[in-house]
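As written, the chain order gives the labels A, B, C, D and E, with residue 1 at the start of each chain.
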Amino acid sequence: MSQRLRLWLLAVGGAGVAALLVAACLDLPAFGGRRHPYGERAVAASLARHTANTIASLNFDQRAYDTLGEISILFAAVLGCLVLLREARDEHRAQPQPAEVALPVRRYALIALPVALLTGLYVIAHGQLSPGGGFQGGVVAATALHLLYLGADYRALERVRPLGVFDVCDALAVSAYAVLGLAGLLAGTAFLANTLLPYGTFNTLSSGGTVPLLNAAVGMEVASAVVLLLAGFLDQAVEIEEERGS
Amino acid sequence: MHHLLPLLFAVPLLGAALLVATGRRLPRAVAETTGCAVSGATAALALVLLLNSAPPLVEWVGGWRPVDGESVGIVLVGDGPALGMAALDSLLTLSALVYSWRYFDEPPRGHAGSYPALMLVFQGAMCGFALAGDLFNAFVFFELMSVVAYALTGYRIDEPKAVQGALTFGVVNSLGAYAMLMGIGLLYARTGELAMTKIGRGLDDAAGQGGPDALVLAAFVLVMTGLLVKAAAVPFHFWLPDAHAVAPTPVCMLLSGVMVELGAYGVWRVYGTVFAGPGGIPAADLTRALVTLGVLTAAIGAVMCWYQRHIKRLLAYSTVAHTGLFLVGLGVLTPEGDDGIALYLLGHAGVKAALFACTGALLDRFGSVDEQALHGRARGMRAFGVMFAIGGLALAGLPPFGTALGKAITEEAVGGPLTLVYVLASAVTAGAVLRVTARVFLGLGPRPEDAAYETSGSDERPETGRRLSRIPDSMTAVPAVLLAAAFAVGVAPGLAAVVARSVNEAGSGGAHTSVHWTPHGILLGLVSTLLAVGLAALAVTRPRRLATPDWALPLRRLQSGHVGDYVAWLLVGATVLGALTLPGVLGG
Amino acid sequence: MNGWLLAATVELGGAGAAALWGTATGPLPRRVMAQNLATSAVCPALLLLAQGYGRPSYVDLALLMALLGPVGTLVFARLLADELLDDRPRAWTLTWAAAGLSAAVVVAVCVATGPSRAMVKLLLIGALLIGGNVIASRALAGGFRGVRGA
Amino acid sequence: MADAVIVVALLLVAASATAAVAQREPARQALVLSVLGVVLAVLFTVLQAPDVGLSQLAVGSALTPLLIMLSVRKVRRQARAKDRAR
Amino acid sequence: MHVLPYLVAAYVFLTGCYGLATSRNLIHTVGCLAVCQSSTYVLLLAVGYRDGATAPVFSDLAPGSRPVVDPIVQALTLTDIVVGATVTALLLALVLQIAKRHGTLDPDELRELRG
């Protein structure tokens, strides 16, 4: 199809969808409205279960099943990336050249690395209290590890990143989440029911029943998934080369 | 019993996690056997739940049962159609895994478990989508299903076509999913709820006497865009041939056999629970929209199917044509139409998967799926030739296959000129399949000439490590069993009645219908079979007469393989859908 | 509307928009530099917002921003090192100006908070932000000169 | 009046989204996307969604740019290897 | 102000679609898809906003002392962001393979699948 025709189609389709969306926007309740029935029920339910952060309560208790789907997406994407970025038949690995990094940058990376790791853990641990949680903290922790690549060089990163271990962690974290769900079922309530543990004191680290456990499982899953994803891309960008003449 | 519903997703997921955790050490045979075992266990669970699904099972995940009619949790609905789809996809995954058992080529080094693990997650995602009673939960599983499908489609990274098809698939489907999510956002803004039944009630309350407004229309269009992209309705269908033609054969069996149909199922479910009330989209408008798109889909799918030489692509277009027929049948909104489509879908899944399985055998034996390059070369593969021919006849609706029964009931439900669409679309796609049988397995007729604008199926890499000299028994048995299952759907006494009862209970408030073979239906089935055989005979003996006429060329040029075009078409499709539904909103 | 929010609005509307403009136009070295300065434009605004809304827990956002912003810039500095080799981006005046702004905001918020654990966190954010910003500028100005093909 | 900051954040999001689409060169687009990520995080903060803002920061400011830039690097390396082979 | 956030979401979605349709580089295409997705975040969070309210996070707030915004949309958006990041990664992996197998990233030059 020619460029012109595509632009015409795009104009027609875009105009139609735009008209539809604008008409819908005009019918939407005004921005900042007060009516949120589900939201209010969720806040009440979260407080009843001593979870200070309602979003954590939603993600790991009330709508925990969605989160199971979400970490399965991560799990599947990692699996898919490993499959898609594997070494093809006509490729080989080349040893990357060591990098020369200016001293201040290297120092900064080495200082920021533990700080970022700790921050990641802090964000995960306080997930059910303050903003944050397994997902946010997991990404921070995993990104922090890659400061080694940015600030030092690839081989330093490879040394602290045993991929086999992360592979297992990835699978274990998903299983842990699902098994915690099954535990609810076996205890006679329902899948992913938060009735196994006491709800604890409001606004402390151990409050919320199984919320902190699920939160930790998600943190572990996200951290290992991000490390594995980036490992796939780093392999491609740094190591894997095509055979000459192919 | 209802507490077990989430297990249909959790069990395959745990199996996949197990395979990944141990994948580095596991020998291949063990990994694939584990995959089959877990998939089989899930299928058994789905069947057990299906047998207990009257009255429908309802599960509030996490034990968040409603208090005063209000809940904060996620609801799963295990009625007949939902568990039926779950059982169908589980059984099909099992057969795909058995089909690829020990034959499928080169697992990535140290990741022997990754292919069966992906298949298991795919199975779980499809089950999860089928059971979802919460709109956002449906979106999550929709995305999970898509993500796994992209990875599986691009599995053969050495194939240029495979990676291109997978990317097109990925971009178009993700965009459709985002459109769906925007629609969910609009619905949430209006009703403040996420469970489908509650949204439906919320829309009715909000509309009062007024009927639907622009917001409902936009939400309907956006949600349906996402589902119709999955169901590959024209003009959202372009990704399908590109993806299905290049995916590994066992994956094709799943994509064509059940994933696309899940899109149609989603349309049925979402319309029925969310938009069917007085505050939703009026029935006349839905019928107009779905029947128009469905007829277009059937027509374009059938025409494009006829002109393919790449056998997998041909089968993919036949899937497009058949989903068009499904949409028409669902669009007329009669209980009989729903029953017919449910049976048609069951039969079609078996037949289409069997046809793909046979094509896979050709690919592994000859390294090609091109009708012209394979001309007469498969004479020795008699069993596959017979199965391919039977598959073609079943696709046309030869009684007493399940496809024929479903088609006959639907034809009666739609009535009038739409019957003709069913007869013609099934005859043309079946004719193309029979033509392939005659040329490839029997070597009849002269070799046709190359056309200008087409995808050839030669130079494909077999999916096995090397070309097979002998096809393993598991690869022969699977299509045979699938065809037998499609046959059984048509003849098993009482099955049709059970399916109809559970579909009506879920969809049309328990309306009573009687579904059985009628002379009229048998006659129409025979007519389209004869038509298909005639078309195939004509194509083989007088290829000139049916070679691409000029008028089909513009149609073929639309299938350009360009992601940008497909995105533009998606927007056009949403606009068309909006325009077709608009009258009811204006009138209201 | 309190003064903190007003300050945040001005900061976002001014420095944020300027950083966006710089990132979206002009030669590549300038874009990278503008991307780096976007961190120091937005992070103080996040601190001001936390103070303005009276929600100390929002400070975590600024903490993450101060940590990850420079990491993002290092990504570009490292992976675009070849292209930045000939025409090294330097904007020391702007870098120090941004650092000064960050310091001013951190001090102001610290004064409002008073001595407590929250203040330690704020000071940590200030140190990370200013240090990261300066180092990222240094990295852009030839911090990866030896990096080729890696 | 408290809405002023929301308006500013919304306009910044719209502007950076436009810029991200208008940049046709992937590396430049990655730069704008990282700014888009940061601006979105600000928008989420002013819409009182700090949790979402945190994850947008985590993903948008470092992870997505890193993924895109690694892809760009791989593609360039490939092109260079092809040129050398020629 | 009543509809501005919604209009921005619609605008961002359409802009992303324009980028997708006219893209000449597949990495850019994936970036545009991320832009499209960010429109869904804006829409969802705008729907959940409430005037003068604050986040429903009670670590530094006494429950009931101030009105709070809708937490549901925030949970949904959180899930959505994860989905977005993973889809980006997966599609970029496919793009890398396309670059390898086709030697180009221009969709106009990919001519294998047609008709």
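In the analysis below, contacts are C-beta pairs under 8 Å (C-beta built on N, C-alpha and C of every residue); 3 or more make two chains touch, one makes a residue touch a chain.
Note that the structure is predicted; figures quoted are calculated from it, not measured.
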Target subunit E, source subunit D, minimum contact steps: 1
Chain labels contacting subunit A and also subunit D: C, E
Chain with minimal offset from the mean of all protein Cα atoms: E
Top chain pair, ranked by number of contacting C-beta pairs: A-B
Far-end chain from subunit B, centres as C-alpha averages: C
Subunit C-subunit D separation of Cα centroids, rounded to whole Å: 15
Length of the line joining the C-alpha centres of subunit B and subunit D, rounded to whole Å: 36
Separation of mean Cα positions, subunit E and subunit B [Å, integer]: 27
Centroid distance [mean C-alpha coordinates] between subunit C and subunit A, Å: 24
Residue numbers of subunit A (touch at least two other chains): 6, 10, 14, 17, 21, 24, 26, 28, 32, 36, 38-39, 42, 53, 55, 58, 63, 66, 69-70, 73, 77, 80-81, 84, 88, 123, 130-132, 135-136, 140, 143, 146, 229, 233, 236, 242
Junction residues of subunit B, two or more chains touched: 136, 140, 143, 147, 150-151, 154, 157-158, 163, 186, 189, 194, 557, 560, 562, 564-565, 567-568, 571
Per-residue overlap in subunit D, given as positions that touch at least 2 other chains: 2-3, 22-23, 30, 48, 50-51, 53-55, 57-59, 62-63, 66-67, 70-74, 77-78
Full enumeration of touching chain pairs: A-B, A-C, A-D, A-E, B-E, C-D, C-E, D-E
Subunit E-facing residues of subunit A, complex: 6-7, 10, 14, 17-18, 21-22, 24-26, 28, 30-34, 36, 38-39, 42-43, 46-47, 52-55, 58-59, 63, 66-67, 69-70, 73-74, 77, 80-81, 84-85, 88, 126, 129-131, 135, 202-203, 222, 229, 232-233, 236, 242
In the complex, subunit E residues that touch subunit B: 9, 13, 17, 20-23, 26, 29-30, 33, 36-37, 39-40, 43-44, 47, 72-73, 76, 79-80, 83, 86-87, 90-91, 94-95, 97-98, 101-102, 107-108, 110-115
Subunit C contact footprint on subunit D (complex, rising order): 1-2, 4-5, 8-9, 12, 15-16, 19, 22-23, 27-28, 30-32, 34-35, 38-39, 41-42, 45-46, 48, 50, 53-54, 57-58, 61-62, 65-66, 69-70, 72-73, 77
Residue numbers on subunit E that touch subunit A, as the complex places them: 1-7, 10, 13-14, 17-18, 21-22, 46-51, 55-60, 63, 68-75, 78-79, 82-83, 86-87, 89-90, 92-94, 96-97, 100
Sites on subunit A touched by subunit D in the complex: 32, 53, 55-56, 123, 131-133, 135-136, 139-140, 143, 146, 226, 229-230, 233-234, 236-237, 241-242, 244-245
